[in-house]
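We call the chains A, B, C and D, going by the order they appear; numbering starts again at 1 in every chain.
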Amino acid sequence: MNKQVKNVEEALVGIEDGMTLMLGGFGLCGIPENSIAQLVKLNVKNLTCISNNAGVDDFGLGLLLQGKQIKKMISSYVGENAEFERQMLSGELEVDLIPQGSLAERCRAGGAGIPAFFTPAGFGTEVAEGKEVRIFNGKPHILESALTADFAIVKAWKGDTEGNLVFKGTARNFNPMMAMAGKITIAEVEELVPAGELDPNFIHTPGIFVQRIFKGEKFEKRIEQRTVRTK
Amino acid sequence: MNKQVKNVEEALVGIEDGMTLMLGGFGLCGIPENSIAQLVKLNVKNLTCISNNAGVDDFGLGLLLQGKQIKKMISSYVGENAEFERQMLSGELEVDLIPQGSLAERCRAGGAGIPAFFTPAGFGTEVAEGKEVRIFNGKPHILESALTADFAIVKAWKGDTEGNLVFKGTARNFNPMMAMAGKITIAEVEELVPAGELDPNFIHTPGIFVQRIFKGEKFEKRIEQRTVRTK
Amino acid sequence: MALDKIGIAKRIAQELRDGWYVNLGIGIPTLVANYIPEGIEVEFQSENGILGMGPFPFEGEEDADLINAGKQTITATKGAVFFDSATSFAMIRGQHVQLTVLGAMEVSQNGDIANWKIPGKMVKGMGGAMDLVASAENIIVAMMHSNKEGESKILKKCSLPLTGVGCVKKVVTELAVLEIKDGKFYLIERAPGVSVEEIKSKTEGDLVVPDFVPEMVF
Amino acid sequence: MALDKIGIAKRIAQELRDGWYVNLGIGIPTLVANYIPEGIEVEFQSENGILGMGPFPFEGEEDADLINAGKQTITATKGAVFFDSATSFAMIRGQHVQLTVLGAMEVSQNGDIANWKIPGKMVKGMGGAMDLVASAENIIVAMMHSNKEGESKILKKCSLPLTGVGCVKKVVTELAVLEIKDGKFYLIERAPGVSVEEIKSKTEGDLVVPDFVPEMVF
């Protein structure tokens, strides 16, 4: 089943104002750079973005924040972004903060047809407000619901024309779960190979979860916190 | 962290009468043959076994059934085993039949600290009896709980001394989830390599889930339904 | 003339659409893979952990580590993927599989299906069937219209323990194609040479018959 | 004399046990990795998706695809594994990680912790902290005894929005090691040269002080 599209323009066809998008990545690691640049170009507005972080001021989802394209962010940690903080504190931006593990599991649940599950994370905190609490094994848990999106946009290291994806290092992070949870899932990859070239034993995201795949034109792969030791 | 033990004898130390075991495999594919043989030798009794199937009369879990070592089976499909059927119909053997997807997810939940989740599978059937029903997205779902085990015994293709595991083909099946759900997880592997030899990007079961690993002495890898076509 | 199993499989194969992921149950459904219409590409998922299931291996090329959900040795197509059972049912439960074809012992006019247990007689377990019928948007049942005793299996109400409720939308038997809608069976097509009367007489459930019932075309 | 950050990290490192998987939070906890006692092997998990986190890379060897949860470039040890965020929190939530070390703004005597939000001032989000504190059996908090205004952060009751309730069992500050039991802080050790009186005066929560309070030994 050939999922390959020509380029980012073709890949993002159908994304409209007011839609809910999931975007893979942790910090600036493993983010769909090419698609984000295209979202800026398309200038779609009033987006709800589900992504662990909100980028930095001048890269990643920060670019969409600069253009005021985002109405609501659903994230676990947004600390690296001054524009984000300004928009949130001024009330321009709605923000739903979710424990990171719950965010990951809620995306997986959305893709796996599990509408809700119990987790201990957040019990007794703001996160639990309005949520059902139940004791299991003597410990309180809260009921969390699945997340899905109109489009999920993920970034992989390698992919094949069937949409099978392989990730590298910690750039995997949220990408596989989000790929599962998109009504339409778009994958941008550093390297696109013909079907059959990836070892079927070692594919992280089976192509069934991916509707469109393209080779990204350019990957900047910016490093957020360059830390080194001396020899 | 070196998880290697010398042999199957050492690997199965601590398994006692009345315990709950998870055993990986689908049919006879990907089952921990060496450990099953050792369980027969140890002659532990009154076991509760969680495994998708119950083997055939003279192989796999069928061997434990022959020795009347199993008190209760928790499975999704047990159709290949006459001794099983005899023991079940005579009331010697307790049987809890679970939809295959719910079984897989319940094992994963057990390993992932999720005590319960909602699934549509089994609504309106015997499986739903006594279980909470709730409507999500207009569709009824039932609440299923996590499964765990005193010991999980899995079979992998390759493993390293850290307990990292790699599976081959459809022999993966239930093994990764059960590896997560055992209080103690034992892995028998066809090939055991030093830490660092497996590509860290392509490990199916991270070693954190495995407490003991050993190289199986001999793998028969019996085929249940040999089907071929002619050239 | 009533269809044979291959005929049923061929008729179901006509329901396939390009780009679909399909899960085929054991028995007649498995045969569907042999009759994919030309110009159409579909990919087969087997719930034990493969996407891109190919034909049976050639003699001598069987691999114990490569089987389908019926435990038969199989091959993998180019671009296939292997995965664990939780991921497999994430695909199924999450409705990423577009079509499920499976056998049944009984089907009722509200779409209930029974195919896993005959109390006191046969208790093999439901395997993945309950997950499949509860989740799939598009389920086709491949079955014989009657049992060996000649009793209809197309019923007002199932008598056997259910596998799923209100989930079956289409049934293909050796005699007919039936759609299930609004608590009734609708006769859509009949097997070549099979009369509407024969279908009526062998259908215990409420059957809606239009003025003209076309024959299946192969 | 009160400990510096390195001293706190060194004291926490003494709590490590052979064979443990450990998750270290951002800040002081990260430093713990530098002081693993001899003869002990532990493995570090970072919740963004690595088990077997190694030291920072040498200059020029940074890899944008290899970072820790603090978004710092790191390396991987021999035998490391990469995985997705759902698997990572399966490890954490499923209690496969034996020790979690993290910082805090406030800790209360019933084990509550607050470390993610100052209303109206700082809203960075909880990241993985809520999952970690809700799940870990063994949590050590690394923190300063007082804030910059000199107010105690070791409290009867947290004033800031909570990250988790009743989860902290041990606190290591620049002054002391405290255990939390039965709704009270127990003074276990004091930093070398620090008096019990100083610790008492800087602890707002109920503090149980035994007759003899040993000094930390490094």
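In this section, contacts are C-beta pairs under 8 Å (C-beta built on N, C-alpha and C of every residue); 3 or more make two chains touch, one makes a residue touch a chain.
None of these values were measured; they are calculated from a predicted model.
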Looking at A-D and A-C, which pair shares more C-beta contacts?
A-D
Take the average of all CA coordinates in chain B, do the same for chain C, and state the distance between these two points in whole angstrom.
28
I'd like the Å distance between the centres of chain B and chain D, where a centre is the mean of that chain's Cα atoms.
36
Multi-partner residues in chain C (2 or more other chains touched) are 76, 82-83, 86, 89, 92-93, 135
List, in ascending order, every residue of chain A touching at least 2 other chains.
105, 108, 112-114, 119-120, 167-169, 201
For this entry, which pairs of chains touch?
A-B, A-C, A-D, B-C, B-D
Chain A partner, complex, touching residues on chain D are 46-50, 55-59, 61-74, 76, 82-86, 88-89, 92-93, 112, 117, 120, 123-131, 134-135, 161-166
Which residues of chain B touch chain A once you look at their complex with the stated criterion?
105, 109, 112-120, 134, 136-137, 141, 145, 166-169, 201-202
Residues of chain A defined as touching chain D within the complex
26-30, 52, 75-80, 85, 88-89, 95, 97, 99-105, 107-108, 119-127, 157, 167-177, 204, 221-231
In their shared complex, at which residues does chain A touch chain C?
1, 108, 110-114, 160-162, 164, 180, 195-196, 200-201, 203, 206-209
Can you check the complex and tell me which residues of chain D touch chain B?
19, 21, 41, 43, 45, 51-52, 76, 78-83, 86-87, 89-97, 135
